[in-house]
Amino acid sequence: MVQLAVFGAGRIGQIHARNAAAQPGFHVKYIVDPVEGPARDALAKTTGARIVSAEEVFADPKLHAIVIASSTSSHAPLVHRAAETGKAVFCEKPVSLDFALTQSAVAAVVAAGIPCMLGFQRRYDAAFRALQARVASGEAGRLEHLIMQSRDPAPPPISYVKTSGGMFRDTAIHDVDMARFLLGEEIASVYAKGSCLISPEIGQAGDVDTLMITLTTESGRLAQVINCRRGPMGYDQRLEAVCAREVLRVENAPQGTLHVLRPEGTLAPPPMNYFLERYAQAYRDEMAGFAALITDGTPPLATARDGLEAQRLVEAAIRSHETGQVVVMAPGWRP
Amino acid sequence: MVQLAVFGAGRIGQIHARNAAAQPGFHVKYIVDPVEGPARDALAKTTGARIVSAEEVFADPKLHAIVIASSTSSHAPLVHRAAETGKAVFCEKPVSLDFALTQSAVAAVVAAGIPCMLGFQRRYDAAFRALQARVASGEAGRLEHLIMQSRDPAPPPISYVKTSGGMFRDTAIHDVDMARFLLGEEIASVYAKGSCLISPEIGQAGDVDTLMITLTTESGRLAQVINCRRGPMGYDQRLEAVCAREVLRVENAPQGTLHVLRPEGTLAPPPMNYFLERYAQAYRDEMAGFAALITDGTPPLATARDGLEAQRLVEAAIRSHETGQVVVMAPGWRP
Amino acid sequence: MVQLAVFGAGRIGQIHARNAAAQPGFHVKYIVDPVEGPARDALAKTTGARIVSAEEVFADPKLHAIVIASSTSSHAPLVHRAAETGKAVFCEKPVSLDFALTQSAVAAVVAAGIPCMLGFQRRYDAAFRALQARVASGEAGRLEHLIMQSRDPAPPPISYVKTSGGMFRDTAIHDVDMARFLLGEEIASVYAKGSCLISPEIGQAGDVDTLMITLTTESGRLAQVINCRRGPMGYDQRLEAVCAREVLRVENAPQGTLHVLRPEGTLAPPPMNYFLERYAQAYRDEMAGFAALITDGTPPLATARDGLEAQRLVEAAIRSHETGQVVVMAPGWRP
Amino acid sequence: MVQLAVFGAGRIGQIHARNAAAQPGFHVKYIVDPVEGPARDALAKTTGARIVSAEEVFADPKLHAIVIASSTSSHAPLVHRAAETGKAVFCEKPVSLDFALTQSAVAAVVAAGIPCMLGFQRRYDAAFRALQARVASGEAGRLEHLIMQSRDPAPPPISYVKTSGGMFRDTAIHDVDMARFLLGEEIASVYAKGSCLISPEIGQAGDVDTLMITLTTESGRLAQVINCRRGPMGYDQRLEAVCAREVLRVENAPQGTLHVLRPEGTLAPPPMNYFLERYAQAYRDEMAGFAALITDGTPPLATARDGLEAQRLVEAAIRSHETGQVVVMAPGWRP
């Protein structure tokens, strides 16, 4: 039985804790969250875990692994502690909003040789995974260019905007990671343009709410990331991979099956509400991936280095957005 | 140059006359229509035809063919005249609302050996034709059952209801013809149930506005015809052929390409307005089929006998509807 | 805490037992299944239930309710025992393959006044439920006719065919129930035609594998049920309700979100594999409906009488199929 | 009767000449094309025009208007002649591959005050037009960002690549024009990245076959143009306008209505083959727009200045692509 601790009993911590508890061979031994309250208690009860401090977790030599789903600033220190104590790590993205801290945490992971995976759940979604496999198998022909669109249903609270590192680090990071996952190649230049078109409050907080990023790979292939903080019809997340023989398209997942046909046209159901619904199965499969990493050494779909590279790209995008210039990414580029 | 006369300068006559005039090797020499007016004159002008009487048409030994698109009661007499004078015939369905008259007109065509095709334009529609070919080729596997739905955008004027022979003879005839076209086998029993649910005036005129017909072929395959006089979203004409390896589905043709995505869902454009838009190309291809029949003897997709058999089936459906009983169709069944 | 016993630890029993165990305020106290084995034991363990005999269940005065998901022949006797001992009943359809036995079991339920619901899970599916509500609210206009298609992915084993009461009682019963649910009116006549087109073994076992049923309501509205034992593209279950102002259409639920665009066209994902996937949420909502029935007396969407009437209709359909005649259903009609 | 001359009897000249001939009140008096052959003769015959030289056209004081669909290098001189002789002009895009020549031709048009429209037929397509109207009416909310994709079915012959001015001037010009049409605002900065990923021959000819262009308007709204020389499934031209309350999407127009459902999914028909099919009606409506311009002075949807501005944008895009830098477009920017 693999013994785990889960840090964070918030929205995403609950998902990971429950999926870990349901994973055969996994036992959630500890929940760590400084915020007392019924949510934390209920989670401990459901999963059969004890609520403890971080110290107790790292002092337990029988504990195998930790899941980091606590506040972002705690991620890097927890990764270091896991590296020091030899525990496997599943870390929600980003490792840190500070690129240098991410870099040193990833270096610690590599030096310690601990199993580590990053929480890019979209890589575990069946459709994106099948798309990647179809490209990798050669069936679709070479992937030539890529278009990724992601829109949240509505802008987040301003408090979240201020602490999340901004739209590039919070939202676009998933898309640039997907670009690397599918293109299988590093990025040579980045152009990004952000605007504040939806919510003046977001602009006052120093962030953008709409952005476009053009990525060019070392071999000249192109990817476009288009994000905004509001999808008029709800959560909107789609991707098109234009390959030599096929276009592969991941569409939104519809909320239901009822269609209404009227004189003005056919009304099909809107997309699923938000990422928790859309990626419910991906989160389960991601935790199964963590189990496979720990028990068999099966490489995860998203490594610590993938987290670092995605962050490098969003930092380059921020630089481009701020300077109005293209950022050419020589090897080892850093902000 | 094949010389033609077109009988009827109404809605459908204009289509056939214009398509005939545009057909390479065809010359529309005469238009026959007793109703004077600008529509008739404009049609004559556009097609380069002269307006003459029926007598002149049949007295012209150089005229090769006639297109019958005049009022229904004139069809059978014109077919007889064509048989007597050895002219090729394209006849709009039905040959007659009276089954016995249809039977004798078809017999006259067969006896005279004149080229003759019936105006079941759906057989010339690219989608239905491709479906038929895919079934005939064996690719789809045996066609096991068939579902056909046809709905007009709105009920016709009561004057039309009264003279068109009723909904079975006017509307369902296209679907039962399609059943024969696709199943390639005769029908052994018919059950039909009609209701008046949409328009009380139609009921007062002695007709139904909604109907379902179950056809069973000699080998036990099944087809369902569902018709009503009003598609809430417009002209609605679809077909599903459930085969052993595939389901083949003809969908409505959308009116445009603009989709509107809102919180309540995605609004796709409604179907094309009506049969003249939906089947514009099919009518052109049908006239090309008539040309091929005359010039090369290429068998048309719909023969005089197909017209007779489709009428036999709707007469059986009417009998079933009126008696509330299943009609078993022994060979040669007639109303 | 409501104490329940679940009869049957097979496929459907496991779903109901797990959903009952997850239902707040419900405790699955007993599992009853004569077949020993790991599945039964695992189910008892997961739900925290004890494996007991039927006698122990009915002897326990603290037990409130039973869920009947055992073999069909056991349903009616268990319903009678529940009526005698005053326990609430959730019974999988059908109550009995023998109409008279169903009738007496339903009479016992009514006489005893016990809460009782039937397992027509489709009534609890969000799409069918929303469709029913939209019709009931008047928004869609009067429902004039209805088309229901259901196809299993592949024919069942012959052993199942022989014991399930045949395709009418096993498959069509869901569609005729849906017709009653949506039309909100009783049926006045039934025409049914079945054929054996897919599997000769099914024919040898005395059953059909393809069927069409025409239902006419007392007020003349029409419904068509089309079933077959094999959907070439998988599990195919769709419905169209043609109303005065809208067509409401329940489509298949797609298996995923990846589309492949190639020269021959756009390939969209096939439907979800089978009813367990498609109706996973409906089964959960159905059990929540049972909880609401027991705790608040909220009427269930499917009552014992609904079960009886659906069976009456399939018996009429069987009679029609066997005699080749329309069955007119005077009040109280019975096979 | 408006008397017209059509320059060019090639593919696009034939379309315009035929549409002009079919336009009520229009008479195609002359066809001008130096290339003798059956195509030119047939066009003259169909339209009832005489084949003459350019000199004869401009010497005819009774001629009202010219349609320029000849080779690109002839466009600007013909526009100048039309301005000098006071004839209305319909000019296929681009006016010239040389921006300065375009500028002086447009200046001549403005100075002469002749009616002039540019051949951006997409502006006349019903879907793009309805989209523009829906944005302009305010119904959709402010258009915040725009994504345009255009792909030809297959790379053009290298001879065409070499003479067409390259992919930016030939293909992207339609999309940047559409951006201006929908955004209703000028562009403040352009970033473009082109690659050669599909056809090495195109690269050897000094052109790209894949490109992405980011346009930022003066108020900070964003538009993305994505083009490549090969749509794996055929002619692929789509647009999404993300507005405050709706997403408006122009989809491809399907080639037919037959869908094939198989275990691997549902195969919908591919897009219409190419622009001539897709925009057949738009070309007719465009010519009707020219008629309205001449007879009533109705402003055309695309003016000479629109042609100039679209060329300015593609020149900026080329500059960006060549320098690897963002081009900031101060007022009056020119290459």
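Miscellaneous remarks
By letter and in written order, the chains are A, B, C and D; residue numbering begins at 1 in each of them.
The working rule: a residue touches a chain if its C-beta (ideal position, glycine included) is under 8 Å from a C-beta of that chain, and two chains touch if they have at least 3 such contacts.
What you see is a predicted model, and the numbers here were worked out from it, not measured in a lab.
Farthest chain from subunit D (centres taken as the mean of C-alpha atoms): C.
Interface comparison, C-D versus A-D: the pair with the greater number of contacting C-beta pairs is A-D. Look at where the CA atoms of subunit A average out and do the same for subunit D: the two points lie 41 Å apart. Separation between the centroids of subunit C and subunit D, computed from CA atoms only, is 58 Å. Shared interface positions of subunit C, defined as residues touching 2 or more other chains, are 232-233, 245-247, 260-262. Chain contact summary for the complex, subunit D toward subunit B: residues 126-127, 130-131, 134, 140, 245-254, 256-262.
Taken together, the subunit A residues at the contact with subunit B in this complex read 232-234, 260-270. For subunit D in complex with subunit A, the residues that touch the partner chain are 141-142, 144-145, 147, 149, 151, 189, 191, 193, 195-198, 210-212, 214, 216, 220-222, 224, 226, 228, 230-233, 236, 242-247, 324-326, 328.
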